[in-house]
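See the structures that follow.
What follows is chain A paired twice: with chain B in the first complex and chain C in the second.
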Partner chain A sequence: MSEITIQLEGVNKFYGENHIVKDLHLDVFKGEFLTLLGPSGCGKTTTLRMIAGFEQPSSGKILLAGEDVAALPPNKRDVNTVFQNYALFPHMTVRENIGYGLRMKKTPRDEIARRVQDALRMVQMEAYADRKPRQMSGGQQQRVAVARAIVNNPTVLLLDEPLGALDLKLRKQMQFELKHLQQKLGITFLYVTHDQEEALTMSDRVAVIHNGRLEQIDTPAAIYNRPKTRFVADFIGETNLFKGKVVGTSAHEVSVAIEGAIFRFAHAEGQHSGAEVYVSVRPEAMSMTRERPEGEAGLVGRVTEHVFVGSVYKTIVTLPTGLEVVVVQPAASDGLIQQGEEVYLTWDSARSVVLAS
Partner chain B sequence: MKKTAVHKKGMLLPLLLPPAIWLFLFLFLPYLNLFSYSFWKPGPFDVVKEFTLHNYAKFFTATSSGSVPYHVLIDTVELALVVTVFTVILSFPLAYYLNFKVTRFKQTIYMLVIIPLWVSYIVRAYSWKIILGTNGILNSAFIWLGVTDHPLDIFLYSKVSVIIGMVHIYTPFVLMPIYTALEQIPRNLLEASKDLGAGRFQSFLHVVVPLALPGVIAGATFAFVLSMGDFLAPSLLGGPDSSTMIANIVQQQFGTSNNWPYGSAIGIVILVLVLAILELTGRAEKRFSALDTVAMRK
Partner chain C sequence: MRQTWNGITLCLALFSAGVLAFIYLPLLVVVVYSFNADSVNSFPMTGVSLKWYRAMMQNQQLIASLKNSVMVALISTGLAMLLGVPGALALDRYDFAGKKIFERIVLLPLILPGILTGVAMLGFFQEMGIKPSMPAVVIGHTTFLIAIVLTQVYARLKRLDRAIEEASADLGASRWQTFWHITLPNISTALIGSALLSFTLSLDEIPVTFFLNGVFNTLPIQIWGMTRNGLTPEVNAISTVVFLASLILIVISTRLREEEKA
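For the complex of A and B:
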């Protein structure tokens, strides 16, 4: 994973006064599954459309396999897109839809037939080859849309929220199918979604985008466990954000005052004494006890909600300041805590992150 | 969906009754009347109510002068086809341009094409007399340009002027369905086509045209059927003989010739022909309607 397939160099996009994409630098490696993740309107789809060629960047460069594609229209770029609502041609059968790209490139007839058949098999749609799109369900149309793109063997496959219109169960199934397909084909996938769970499940790397700016790009685990900004910590999964102030730093740790108590965390770079910070702690890294924990600083709060959500218990503890803290514990720890009880909250400082505010 | 009041049987009948009565009185009865007349004999003052097939036979056999009346029907079909082809040729590029190229004055230009529909047919036909006549705008322009030194009378009162007039009058009817069909094409299909390597022309040929086809068929049907039954354009703009259309013959039978049974028989022949064409184009439209929105109109 060293060869770069897509390179964005300082790409900006304006729509009139609106700055949609802000100075975006992004390297996509050959054969990787990279997801652009962000809330709607963050510029992720615009970025995808610029790579596909449907939009022109206002400034900056887009390189595809090392070549600047500014002058190339979409039909001359070696990328294919799976569109949000599939965009299958309604007047063509599944077979004709899949063969369209090859036909446009004047591929010999027998080769088209063979490759279309391969693509059909790949997405398990052989039985539907002669159907029209409107005779199929959303999930089936989705498969055809993927087949129509991959049959052209593009350098990069762009996927614009391709599972957005499917119901939850089918979406989960398609996530794995897409991931397996990508691994099998070795094609670079650039995937756009606002669904963080989808991004974490499928991707080799995730690029979190917020307000047109790249917040963080890393592996799903790193994004989840070591978010670099407050937005990423908040957007990916559930987290507790505590506002605090750095009161001391040493080579290995940083001390932060939170709600009047002092906590120590593994050293967070660039945090100087007196800095206002946020501490992000995942609910599953929190623990609560009835007794004051020994030798550890703890926050005191009252249990306001304690619900069983299947595999775990989810507890909401309200601090005297009104801040609500979410604690997730395995379901086996039943019977420990009652609603209305006063508890001490502690956390695994190794799994907590100190973020600049 | 929840059942609304209209779906209940009790409400349906009173709602359907007025249009049903209307259709019965003003469409079904007149056609029935026409149908009966076509099998009766013409008399000196009134029809003679005796069954005969003579009226139909007369239409398909040669007269003493050697001309066969139904040839006018064939000429009319030809003329209507020419008008249809020209209206489609004019409408399609305009509808395409309005849908895909114009952004600012889209509605204005569309209305400019549609507004003439509010102007009386006769006024529009007469305006062509002013343009094409011997002392008309076209001749004046030619003389001024030095193309000719005397006014030409080849423009007006010919097949050409009839075609020009009808093309002008029926173009809005063709533009509207084509415009609507093009408007309904999801734009992401064009992006998908581009994305899959199709150039502008390929996308046009493989995506735009097939999806606009139901609209083209609908528009062409309008133009064809309307110009087939037209008798004003040929009588106002047409020449003495060559540009007479079938509807003029029918009009003559009910007017100067005072042969209602013969006129009725021709009317029935035209009716059967037009219904057959409507059935065919209706099927073709269904066959080619691929978009869900179009399909739902079935």
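For the complex of A and C:
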């Protein structure tokens, strides 16, 4: 997993005055599933289009397998794309669609037939081989689009929100199938989505992009547990953000004043005394008790909502300042807390992060 | 309530029938009289015969003018396609100064009265030293047929999903391969449709032709000449043939359009 397949070196993209992609550095390793995650309009599609060759970077370099591809048109790049709306050829059957890339490369007829059949089997679309795209559902078209790309054995597959148009149930199923396919074929996937849950479940690594800038690139667990910026903490999953001020630092921890109480946290390199910070605590890292916890500083609040959501209880505790804190606890801990009660909130400081504001 | 509705429906039906009769009755008369056994157009007919079709076939001038018309229609349609299709592609693909203005003035030959185009061309050709002749007629027809081809093909190109051309390039196709395998098949209905339309329009064009033909007679001009001494049954026969041919062309192009929508 150390060989680099795609390398972006300080890539910028302007459309007129608009700075769309900002100084993007990105290394994609061979065989990995890397996802570009960010809200709609943050420049994900533009980035993919520059890698595929449909757009030129305004500055910076793109290397595929170590080679600068600035001069290569899309048809000369060893990448294939699964387009956002599939872009199947409407006048061709499924079989012809899938075989198109091989045909363009002058592959022998019998080899095309065999490889198309393999690809059809891989996406379970053998029964639809002779249909036209418009005679199929969105999910089926999606499978054909994937087959049309992977049949060419590209070193990299670029996927632009491939599941965006599908309903939730089908999307979940296709997430699983795509991941499975990627592992089986060992093709590098550069995947684009604005759905953080999709990114976390499918990817080896996630690159979070905000306003054209790379905020953080890490494993899904690290992105979730150790967000590096306030945007990442907020965008990925649910979190509680407490505004605070650093009041003391030592070698391994910082002390932060939050809502009048002092808390200590590890993992806060680079924070100096007096800095305004945000502390991010996931709902499941929060706990609440009726009695004041011993030796620990705690925040006091009132339970304003307490609902059972399947396997867990979700509680909203409102602090005197009006801040609403979300607490998630296993269903087994039920029976302790009632709506309207006053509770003490504490958190696992090892699972909390201090972020620059 | 139901009663009133039925009344309105009945009125509408009668009105529609009236409009249809107004449009098609004259055509029907021509078709029916072309089979008349008598040489006088009067009802009831004394008998049915094909003798006017035989007379039509033997009228050398008429047949010659039909050949002329088909030839002019074929050549000018071909030229219009040759110039109009690349024009539409260029218009669709490239931005250039004055593109918006060009999009509008290219339609001018279609909107302008034929008589104006005819007079203008006659003057222009005289300046150039070109005598009224068949080439002059072909050039005259081509100018307004280009406008048809260009606008129809351009309209289709604008509706074409650009992503499929990108997908083609992404799958390794060169620009030329993409045009041949992806673009062309997806605009083929517009190509055939505009060619058929051009052909029919050229076939029955009178005003522009009238200024440019000299001694070169096309079918409509020949027919017009023949009717100056009253409507002969022969004219009914040739008109019926032209009507049938047009009908077939129209049915084909309608079919094509429906196929594209499906």
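What we mean here is this: the second predicted complex is superposed on the first by the 356 of 357 C-alpha atoms of A that agree within 3 Å, B and C clash if a C-alpha of one lies under 4 Å from a C-alpha of the other, contacts with A are read in each partner's own complex, and residues count from 1 in each chain.
Definition applied: a residue touches a chain if its C-beta (ideal position, glycine included) is under 8 Å from a C-beta of that chain, and two chains touch if they have at least 3 such contacts.
This structure is a prediction, so every number in the text was calculated from the model and none was measured.
**Student:** If chain A is used to align the two complexes, do chain B and chain C fit next to each other or clash?
**Tutor:** clash
**Student:** Classify the contacts of A:104 with the two partner chains as first (chain B alone), second (chain C alone), both, or neither.
**Tutor:** After superposition on chain A, A:104 lies in contact with both partners, chain B and chain C.
**Student:** One more residue to check, A:75. First (chain B), second (chain C), both or neither?
**Tutor:** both
**Student:** Should A:180 be classified as contacting the first partner (chain B), the second (chain C), both, or neither?
**Tutor:** neither
**Student:** Now for A:292: first (chain B), second (chain C), both, or neither, which partner does it touch?
**Tutor:** Neither: A:292 stays clear of chain B and chain C.
**Student:** On the A-aligned overlay, A:152 touches which partner chain: chain B = first, chain C = second, or both, or neither?
**Tutor:** both
**Student:** On chain A, what residues does chain B touch that chain C touches as well?
**Tutor:** After superposing on chain A, chain A residues 52-54, 73-75, 79-81, 83, 85, 87-91, 100-101, 104-105, 148-149, 152 contact both chain B and chain C.
**Student:** Quick one: in the complex, what on chain C touches chain A?
**Tutor:** 161, 163-164, 166-174, 177, 181-182, 185-186
**Student:** Considering the complex alone, what residue numbers of chain B touch chain A?
**Tutor:** 186, 188-189, 191-199, 202, 206-207, 210-211, 288, 290-292, 295
**Student:** What residues of chain A sit close enough to touch chain B in their complex?
**Tutor:** Going through chain A, the ones touching chain B are 52-54, 73-76, 79-81, 83-85, 87-91, 100-101, 104-105, 132, 134, 148-149, 152.
**Student:** In their complex, what parts of chain A are in touch with chain C?
**Tutor:** Chain A reaches chain C through residues 52-54, 73-75, 79-81, 83, 85, 87-91, 100-101, 104-105, 148-149, 152.
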